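In what follows, a structure is listed as structure tokens, so that the remarks can point back to it.
Naming follows writing order (A, B, C and D), and every chain is counted from residue 1.
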Amino acid sequence: MTVFEDLESEVRSYCRNWPVVFDTAKGSRLTDVDGNVYLDFFGGAGALNYGHNPEALKKPLLDYMARDGITHGLDMYTVAKGEFLHTFQDKILAPRGLEYKVQFPGPTGANAVESALKLARKISGKEAMINFTNAFHGMTLGALSVTGNSMKRTGAGIPLVHATPMPYDNYFDGKMPDFMWFEKLLGDSGSGLNDPAAVIVETVQGEGGLNPARIEWLQGLDDLCKRKGLLLIVDDVQMGIGRTGPFFSFEIAGIKPDIVCISKSISGYGLPMALVLIKPEHDIWGPGEHNGTFRGNNPAFVTAAAAINEYWSDDALEKSTIAKGERVEEAFNKIAHDTPSTEMFAKGRGLARGLQFENAELGDKVAGEAFQRRLLLETAGPSDEVLKVLCPLTTTDDELDEGLAIIAESVRAATGS
Amino acid sequence: MTVFEDLESEVRSYCRNWPVVFDTAKGSRLTDVDGNVYLDFFGGAGALNYGHNPEALKKPLLDYMARDGITHGLDMYTVAKGEFLHTFQDKILAPRGLEYKVQFPGPTGANAVESALKLARKISGKEAMINFTNAFHGMTLGALSVTGNSMKRTGAGIPLVHATPMPYDNYFDGKMPDFMWFEKLLGDSGSGLNDPAAVIVETVQGEGGLNPARIEWLQGLDDLCKRKGLLLIVDDVQMGIGRTGPFFSFEIAGIKPDIVCISKSISGYGLPMALVLIKPEHDIWGPGEHNGTFRGNNPAFVTAAAAINEYWSDDALEKSTIAKGERVEEAFNKIAHDTPSTEMFAKGRGLARGLQFENAELGDKVAGEAFQRRLLLETAGPSDEVLKVLCPLTTTDDELDEGLAIIAESVRAATGS
Amino acid sequence: MTVFEDLESEVRSYCRNWPVVFDTAKGSRLTDVDGNVYLDFFGGAGALNYGHNPEALKKPLLDYMARDGITHGLDMYTVAKGEFLHTFQDKILAPRGLEYKVQFPGPTGANAVESALKLARKISGKEAMINFTNAFHGMTLGALSVTGNSMKRTGAGIPLVHATPMPYDNYFDGKMPDFMWFEKLLGDSGSGLNDPAAVIVETVQGEGGLNPARIEWLQGLDDLCKRKGLLLIVDDVQMGIGRTGPFFSFEIAGIKPDIVCISKSISGYGLPMALVLIKPEHDIWGPGEHNGTFRGNNPAFVTAAAAINEYWSDDALEKSTIAKGERVEEAFNKIAHDTPSTEMFAKGRGLARGLQFENAELGDKVAGEAFQRRLLLETAGPSDEVLKVLCPLTTTDDELDEGLAIIAESVRAATGS
Amino acid sequence: MTVFEDLESEVRSYCRNWPVVFDTAKGSRLTDVDGNVYLDFFGGAGALNYGHNPEALKKPLLDYMARDGITHGLDMYTVAKGEFLHTFQDKILAPRGLEYKVQFPGPTGANAVESALKLARKISGKEAMINFTNAFHGMTLGALSVTGNSMKRTGAGIPLVHATPMPYDNYFDGKMPDFMWFEKLLGDSGSGLNDPAAVIVETVQGEGGLNPARIEWLQGLDDLCKRKGLLLIVDDVQMGIGRTGPFFSFEIAGIKPDIVCISKSISGYGLPMALVLIKPEHDIWGPGEHNGTFRGNNPAFVTAAAAINEYWSDDALEKSTIAKGERVEEAFNKIAHDTPSTEMFAKGRGLARGLQFENAELGDKVAGEAFQRRLLLETAGPSDEVLKVLCPLTTTDDELDEGLAIIAESVRAATGS
């Protein structure tokens, strides 16, 4: 481990809480160099919805690489890309009645967000953006400007100035009608709000603390955008690809965003890949107006197509995700009930679940106890006050129970109850 | 091909000039679905310095994946990352007398640049940046703000305002002393130049038109930065990893930049990966202050370590790159000489080579003719007036001659001479 | 009048509604070149609180100029400035228990605001500002950035980006607790609100539509600023100098802002003059850090001192202003009551009074009718929906009744009732 | 004097060097409270081109005020404004073949500059501005953004980002062809220069150090703007109204700027007043798009009209200014010649004259010595290294000789020679 401490920048973070060296991984398990096995409830921060190195994807991937399928293809037409597009169209877009053009930006969520913001500005001719309290959209300058976390924002080193935050759903515990402030500002030519190009939103805020927006709120936002002529961008980087149940997290609200950002689990194998989905009428990009060296990561296209075929040919995964999510919620409620000495409550949707502690310090403490018990877990929220479960959707019921039991123990250990 | 035209966004670019569907690739050759074989002088825009799917890297990669080595590791300590760091330290940094901490940003060059700019602002407490005419550093908002191309800049949709361009080497064909303007501005408290945090520079401008900065100019810039207290950032994303001969393109000047951005060919296999190298005294990042989901792309670490072992254990590649570069230059000079009807001249360094046409339209025309002859080539420069050769460094002499012959033919065809 | 239409820029505005050429003015009356006399309820947009050319100020002014008292003094020490400072300290600051250092910025309200914003940024080391919906602070770039009106903001031609608007008092008709949104944003490190340097506020919004903030709201704002470490800037350019009754409009709330902007009626004679009042501990300006050619308009200092002596040696003006304000309010209520066909209501404080029409078009229509009857009146509010009374505080009761009668007639004429 | 030290902000500046209290002023003389008389070579920083309280203007001013001519007229049509416009058109614009619409912005130079920048952005639809090294245009945020001085820029407290400085004439002592850099940037779509709306320039930089631009340079700039479609804004706030000889300083170059900013000496009596002159085709302001309370300072219109009649009905003032300017230059050359121990040289045009010291500290030292001898003088340039003469144009030859003799003595005293 010395090599990391000697050579790696101080910017490293997760590894500080998990000071072991991992070697192999499969499904929901990681194994370190000493042969210790860990249960993974972090799931690559949402990038491993099908678990580590899923067998159904591994074979096509190895076959592709073995036969020297093109690896790096810039934005050239390739067989692998074509197959992904076909599969994505046939199995994902068409059945959901969604019409989108597909952009391959640089292979990260931040890059998808950067593209979406650029395109929204081009479409509208406006500069201002609306984001939401506790939003997280990425760390490059454009994505950071619509992100809420003050520590991360300060890191920009320049004032981040083109976005105005609006209250996310439930920010006032229901004490303020939805969009009252936002709509008043938009309707008042003296409000001082710069006329916005677009609204960027997560349907469930992951980094922000596993805050789910209600269906009515999402519908209300969609309706507001339509009435006021604002573009609606859904950042589905973390909540898409089945994390909350359906493939796209916004399906439950029956809305069709103008632009959708996709990344993390889209390749299915943890490989870097990202998409921007654009309503055809908004696809006004000029050729090469946004580009990047790694937007043609063909091994990722191979696994992405395989993953869709494997997991999205029926609704089994969606249903099991919802069921497992409820199982987590129940377990969290039980933990809360069994620990009267400390206030805590369950949050989230699907398998994006949080356990929020009134006492913010408990978040990291519980995660630390869990790691002692070989469960990988992270925290979220502005003060890391939410224990976050983003386990693979393919986590078995037994694994789920195992992990939940460790969490219960860890809470007991951390709270001394 | 219909699937691409139907489903892919209008933003796609290279594929418009090369309307075939590629399937496999090896070394300097690509094969399309119809079995046609193409010689690749584009080299993944600099991401394929060792060619497509190099055998020496393929085996470790397939082995790693077959044994379920961890694929997606966020910023966790892993065996693959540790081996990369060891190898990088032992074979690259130490022999060159370079001391750097290594940051793994998101796996793209733009992300490395975004990190470098943030860090430079944090170190200096200043906001302004100095970039150079015809610079290219990436398409996310921070990287774009230090990029020169006006079409790409306009795409930002907001004013890009924190950088001031200075003349790159030879911008005035030697008519103006190096840094006269830059140094005058810095030394004049009434100049109106915002006090800069850092200078970001490419040693050879690739996208800008294959413009090489002279050694003395790079040394002068380094000296100026030292005297004025500016941080020096070298963006070695395209010119690093041997493209100009040595591993780092700045080695020939004997300078040690404060921050170095690395990406493209670092994985050696075309897999997404990027590094930021930071002088130890400047590594003042807070944990997680810049992060990203795909900064632990472990298959890329495996090939990156293998590539260093394979290609950088001695100076053979460096020498052959320089020799091949001269061969390209000679061929270009001969083409220029043989085509008196049109003004053109050779540019570049190592195997980053350009043939600039007085008549800008010839760039795309010649590239088009080359494609007809199954040679993949792109153009560079503000008006696409430079034919660009970024062939794999492993291109054989025969392949080189084959490609150069096609270029000569294509120039003849395009100029009707 | 041809000369104006031929030579003056299209930017001219009030004159378009009052197409006559004025010659002389005294008290609350103006006379045009044809000898027609107009009653002035506009009062120089708040710059003529003591009426036109008040006799008590005219003599010292003419004496000063006749004896060649220095007219233009930059920021030199002058007898006239010294006397103003003495008088201001003795008659205004000391009796109110206020300790302020006095800055003489350029002689306009916008310049006072620009100074205040700069100073607040210097004190706090922060860039962001909080302003309020429907605020108006001036037309230069800094002042405009904290102004609400979208037409005026658009005029900037660049994005105005460093201020975030908060809801002004009563923005939601009491449906939302005061500062609920503002305080939540400040207390949430993930809110995305840039950490603000200061809050800038008007106690009654004049241009915004004669919106008075309640005493409790002002106190709550002051308290919030103290608790959160924000500087409080009161822009008293239009509402100061007795417009709402007391000399400073914020006196009624018992608060002591960190910085106060003063202009308009401070000279008392309509001469350009402005002040920035700064708590001594915040007076960290460097010499000349903000300057301007006309900050030593000495004739204005002469009339300003005379005005203070004349009008602020006792509380007679304050009391009569409050009484007259109530008289206006009653008259407005009566008009509203007598015009059941149209919704309207009275607003304001002291002699800053508005009559707001549900039907926004009535604002200009009534003002037009009033002008036909030789009463000068303007409108305010984002849609000019508020008839605005800013008559001189020295308007006699008879003049007040005369003007109010004309307003009543004009409403009848405009509404056809 | 205690009152100033006790009550006035630390921002005060000139008064620190001249710690006396002035009372009256006439022509080129000021008198302090102790009866000491000072010769004024500072001239209100260019606001007193006709000296203090000129008799020819004083009578119309007192008459106007005595008969209660309207003082504060916002932007209403008034007799005084009409007469000023007639006079300005007949005596200034028409004889010079200039066609301009006249805007009355707020009564300061900074406000005129703010208006000009806004209008240029509106006309062009672009945001970026070109300014010049060592430019000074004012202290409000827009004006400051095109100003060079780093101390003043830092005072903004936010990054000033929309302007890019170009080298002013002679910035490289003739070693670089005029506009080589500027034109190269404009012509290179990869230069990274944001496409500019306009160029703002002073024909002689006053605050910047009395740097005169050559006629050919001004013509070259005008030509460049025309060829490249940039608007040309001349800031004639300090150099206009005869300071360099002709009424407009740009007349000598035979150019007709798109927009001209005027202030300082336009009222002729040191009263706040400013103009923006706009080519008719560019007068696309909407009504009230830029406004301000004191843009109708009618006493200033009275003196402005009187001043034009008095001083610009023939070319006597222009000729005498040029002659006196040469007299100053000769005297400076003689001082330089007589003081071989220290390097210094004369600069400027007309009666905007500077004596620049190699040893920057001498500037303030000589000015201090001059004050001991009752001559008021200030310094200019980024390090206050230039002694600045902006005496009234009406300074008599005897007064001029008297002041120049004091300067010679002061240089001797300061240099110990």
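Remarks
In the analysis below, a residue touches a chain if its C-beta (ideal position, glycine included) is under 8 Å from a C-beta of that chain, and two chains touch if they have at least 3 such contacts.
Owing to the predicted nature of the structure, the values given are computational and were not obtained by experimental measurement.
Common neighbours of chain C and chain D under the contact definition above: A, B.
Taking only C-alpha atoms, you rotate chain B by 180 degrees to land it on chain C; that is to the nearest 5.
Distance between Cα centroids is largest for the pairing of chain B with C.
If you average the CA atoms of chain A and of chain D, the two centres end up 58 Å from each other. Work out the mean CA point of chain A and of chain B, and you get 30 Å between them.
Look at where the CA atoms of chain A average out and do the same for chain C: the two points lie 50 Å apart. Counting partner chains per residue, chain C shows two or more touched chains at residues 127, 151, 158-159, 162. Listing the residues of chain B that touch chain C in their complex gives 158-159. Put simply, chain D touches chain B in their complex at residues 127-128, 131-135, 146-151, 153, 159-165, 167, 171-172, 175-176, 180-181, 184-185, 188-195, 208-209, 381-383. Taken in their complex, chain C has these residues touching chain D: 1, 3-4, 7-16, 18-26, 30, 33, 42, 44-48, 52-53, 58, 61-62, 65-79, 81-82, 85-86, 88-89, 101-104, 106-111, 114, 117-118, 120-122, 127, 138-143, 145, 151-152, 155-158, 162, 197, 263-264, 269-272, 276, 278, 283-294, 297, 299.
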